[in-house]
């Protein structure tokens, strides 16, 4: 395992080096831009001039209708979406294990989120901690009434009696929508250590990771108090918070847990490719909730996020098929599915900031990057990221975060990237990405060590050979006996 | 009575089936197997080209009276051959007895329908 | 079959005894509370003080947007949701039969609903019949125009010109939404007699049951004239109407039709557990339409129903996994799926009346109850409820109906349960549940007898051995021949 | 192949003869009616009398919420809906190929649509071309801002400052919604040539067909400038544009490409019927987006479209099951699924124009027509339409288009069919259908010839025997090796 | 030692299994096969009725000591018979040696557990 | 020529495959079977623990020249053994003739590639 550490350091080091180098180039107007950003303005300061005929703020049924569905769509991404995308890719003897992991994360993280996760991610704390982590005021959602409006909003808001501003959907709906993100993020990581992890180790690790990595990073980037938010980092629907975060954790986990027995860098064919198609399609559909829902309203911004998401995904899928054809003569189904997911990942942070051109370029480039990464670089580096959780979510997420700093256009929201004259935004994006890589990488490393000590992480060679379905769950996925 | 076991390409199955029919072999049983032999076949998985010597094949087996064996073998060879590595093998062994479950008939006459 | 009757009587008797005993305890303020309840106030009496500037009532696009989707979600629960949940659990030779049953019920009950079902469930009749069954005024939906507003509403309503009150969504949308409930309820029962029923018998039974059991019970509880509604019974999204009702019918059918050949109380492993995961996940997602749609509006109440549903399901799933681990060493996929469905069932009547605490407790307890029921009690009692339609829907539904009387909190709607000082509500719940058990039990028994006489219900031993797919539909689910 | 041409001519000829004959009967008041129709009024002329208190037109959140979801639902129809419906029906060795075709069409046509497809379908061109094809003004969606309102609308609209009228949803959302239709239409055709087409040939053909057939026909029928639109042709959600169009192309392709090896008119059993159920169910659910979304608003018209769609589908499915039972003794799963899809197809053009009676009759009759077509006529004619793309979509689409001219009732929108006293509408429908048949038939024929020359269309006998998954994509759908 | 191969109806499997158990055959191996024989079975696909001679069957095979063969065959015949076309066949052949992997025991004694 | 049939644990397949390779058995065919033997394996279904004697196994079969049999058997025993109940069995029988479909070669020489 010595050698794994080396790889780990090299990869993380290289990534950080890259990022910091670029950061040093044109770093002026960052702060100025950040100042403008009222994107997610929790507990925002007085803004609205109270008009003579003040209208009591109310829930907007249209926005609420869309956000309920958006939350359900994001739920559908994890189960059945991800469960089938990943489940189809593993060998038959491990399919239930991967599906079980998706289902139990949905169950356990939902409870964690209501009990304290939401509060520490989106709540406030006082003093020096405020920019880094929320307090426990909203534990068990206490104090959040059913007709309270969401303190978080983006494009739609309304003035309050006390001169503040507030959203148009119920606060608990915001809690739910965000809760679905908290569920899927650790679920993305499972692709990295698939086919060789103990169930207990996986579960303990995931809950700790959700609490100590996901919740804080979400606070930094999306909470009104968060330091990266204040710095002006743009992350529309979770490029850094979800994909970079999970992707780096995946890389670290893949290296730490070690390769599968008999893994020699060559591919193992998926046991059920139609399941992969099913998962991909439901991810594609559900992702509309993820991205178009992230504006928290049913308006033009949501439509734009839908458009850029759909378009980037489409062209990324097509690009992968083309690369498959050019380099290996045949376009493959797993290839086009991977390309689609890569496109979805990359457009995520940018969906509400870029237009048609940005979406097309983000989609094309992410397919090329991931194609190279999983097809060539991974084999060279020699780590065993079973389902390419890093190769797709990590690489795609980093590219998406950077691309947001390149292609953000004032035609959509009031933010510009490098290509629209604001180099500072790129720097901010690089810093946010670099910080996330560092934090997620280090914490994941530590958590692995702790969990491995406490309950053990790696399945025994025998468990691995027999398969995790039978050894971890005493079940067979398919039984022909009648 | 002899038992013939033929491991053939799945893609030649239709041809072999018809050739057997013409060689008076009307009854047989088959299932899918994986074979390791000289042939190598390839796949692509996320931009990685990989090769596998594990090939999906079909096992055909039937028991027939001795005088039908030669024709049956010839039929399989003609219909199953593509000339490329991996066309498969035929194995012949001896069967001591055969019983038709429906009637209890024993020996060769359990293998055909007298009219 | 003599013996089966005995079990039937014992079980039903015990349930009723339990319920009536508890009913006798603190039975005071029931009626008073019921009086208050304007929850679903069909054709409600003048309420709104007509203001100077009367606004013609209109369809609210936001509420309508959500309710269209909610109806589609409930459709998705039956097909493909339930079809795959049940289909994965049966043996390979019976999978098509179970899926066919789900599909044909969707087809046939939809037609029945439009032709007369809706009218007798939600329409009015005059005189003594009014509290028990609706008339045929709305047969073929005649008289319902496309811009008519729903006479049924819960949290959102608007005054009408004649001083009445009316809903905010199209009336036909209410018809559709309720129609999806009418479809899924008989579809739940099929789990009980799976793998051994004649298709013709099943179909005749189901249509009769929908007409003579489902439609009247829906009238009692949800129609403005219904006697249980007037008594103040709370059933947000179908605890008694859907789950207790179907669960008891399932129990009676399982006993009457008898055990499967060779069934010795031991489990038969499911033929395709990934299908079970798919079905569970789509039920989970679709149930948001079921529960969060039952407020008939896109508002805080819908968000609360979503929250309680998601939370109760999550913790019930997690609890089952824990019980699996504690008692049998391994958490199983079928287990967590069963736990999730149990949670969904139990929270259904309560979703719009309880908060976070109620949801958590309902979820934990239902998992324990169902775990004991299907794992231990069922084996002792010896009936063969193939897919535990009673063990999950019956038991979960009864618990949910009772729990609503315990945990209903004035923080959500204006209703209180025992733990919020209103013991009467619990009594009302017990009466409503008891009545439903009795009615559904007796009617199902009678219908079985009639249908058995007319067309026969039990498949022949040979049909059962060969499998229902081949014998009832001349089809094989999977064909490898190419 | 000589013989195929003969069949082609005969079939097309017969269809046209039938249509023109009927057209000659009662052809008076067509134009008058068409004049009234402001259904889809792109860039409509001044209509609204500007009131004193003019309100700036805004996006309606409720309509937008519904239309976002509707677009996602239509996406879900192609992937995974159609991919599984078709994928389950083919033999195991071709399942990936059919799924790949669905996925790549989603990818490629989405890009085509944004790049120029939307513009030539729904944009304007000047001069004589205007009624036939749009210009490139909206290529790359340039000039369409994120808060621009849709120039297309049906039941909901609002006055603009310049005295015009405009829709209530974002323009880009309309682009997206229509883009999903552009994706699924060529995807329907793949059923006809399944199991024997080269992937390259398929892709080139499909892109050309989408551009040269789909886009113009959409322009004719749905664009404000379109000549069939101006003539008053009614097509609520795509009877002629989608189903007749794709169905005829399917027939021509099936004949031109020739039969599968060994195809002797007898059926080949589907490899995975549960997949067929999954696909059918997701089509059923998603079709609510397709039809109920086609009114572009969340209102009574949407609810009516949902109702008629659900009802026609239900009764068509039930009718097929009954026919199966009457003629072949057993109701089959593939049968009921086919009946459901036939019902969905037939109600599509009519959904927003007919009521309960119309829906019931359309549903019953389409089941009978398609049952005869695929069960008897197809075998006689001897062409090999693998998955009955013509038999279901072509036949169902033609019937639906005609039925709209029969059953359209002023109770829904302001249009009447023959049975409501307006024979002219039927004539218009027949003309629109006839024109579409002719155009699609001829163009498809020409495109086949061209693509066959350029890259080849028919797979080699060896490729066909080995299966398209392995030969076109180097993949196996299912791998048991572990 | 003899090897018995029986191709039976899937629907008779339970019965055959129990009959074998009573005939002291406790160990066997089986898998699903497709058989072509006299039986014809039908299906419906979109209103077309079609017939197929490809029937799903189960292959049961076991190796047993010579003195058990007769009883085993009788057991299969009794339990596997329905009397209709397609009940299947039993084939008997000779096995030269048998080895228990766990212990390396050879010959007949690898086939049963001595206590 | 002899035919070797080995019923092994699925989990030992990789090891057996490599061991056979070292014992000069490069060609073989395998498929999945269900076995009933001494071993008992368990499952859980909705809180009910159940036991089953039906175990998923893998059948490996190959035909080889007589002098390779001993080594092949040893290879399987060594690689397939875990020492616990249920390691499986090896059966050896006689093959009268073997034919390579591609070339029509008969007898032992159809079993290897001469270079």
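The letters A, B, C, D, E and F name the chains in turn, as written, and every chain counts its residues from 1.
One rule holds in what follows: a residue touches a chain if its C-beta (ideal position, glycine included) is under 8 Å from a C-beta of that chain, and two chains touch if they have at least 3 such contacts.
For clarity, every value in this text was computed on a predicted model and none was experimentally measured.
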Minimum number of chain-to-chain contact steps, chain E to chain F: 1
Magnitude of the superposing rotation for chain B and chain F (Cα, nearest 5°): 120
Higher-contact pair (C-beta pairs counted), C-D versus D-E: C-D
Euclidean distance of C-alpha centroids - chain B vs chain C, Å: 54
Chain centre separation in whole Å, for chain D relative to chain B (CA means): 46
Chain A and chain D: spacing of chain centres that average the CA atoms, whole Å: 36
Shared-contact residues (touching 2 or more other chains) in chain D: 60-63, 65-66, 69, 269-270, 272, 278, 298, 328, 330, 332, 334, 467, 474-476, 480-482
Contacts with 2+ other chains: residues of chain F: 10, 31-32, 34, 43-44, 93-94
Touching residues (chain side chain B, partner chain E) in the complex: 3, 17, 26-31, 63, 93-102, 104, 110-111, 113
Parts of chain E lying in touch with chain C, wherever the complex brings them together: 10-12, 14, 34, 42-44, 54, 56
In the complex, chain E residues that touch chain B: 2, 6-8, 31-38, 57, 59, 73, 76-77, 80-94
Contact footprint of chain C on chain F as seen in their complex: 43-50, 52
Chain C to chain A touching residues, read off their complex: 60-63, 65-66, 69, 73, 91-93, 156, 269-274, 277-278, 280-282, 284-285, 288-289, 292, 297-304, 306-307, 310-311, 313-315, 317-318, 321, 328-334, 336-337, 340, 356-357, 360, 411-412, 467
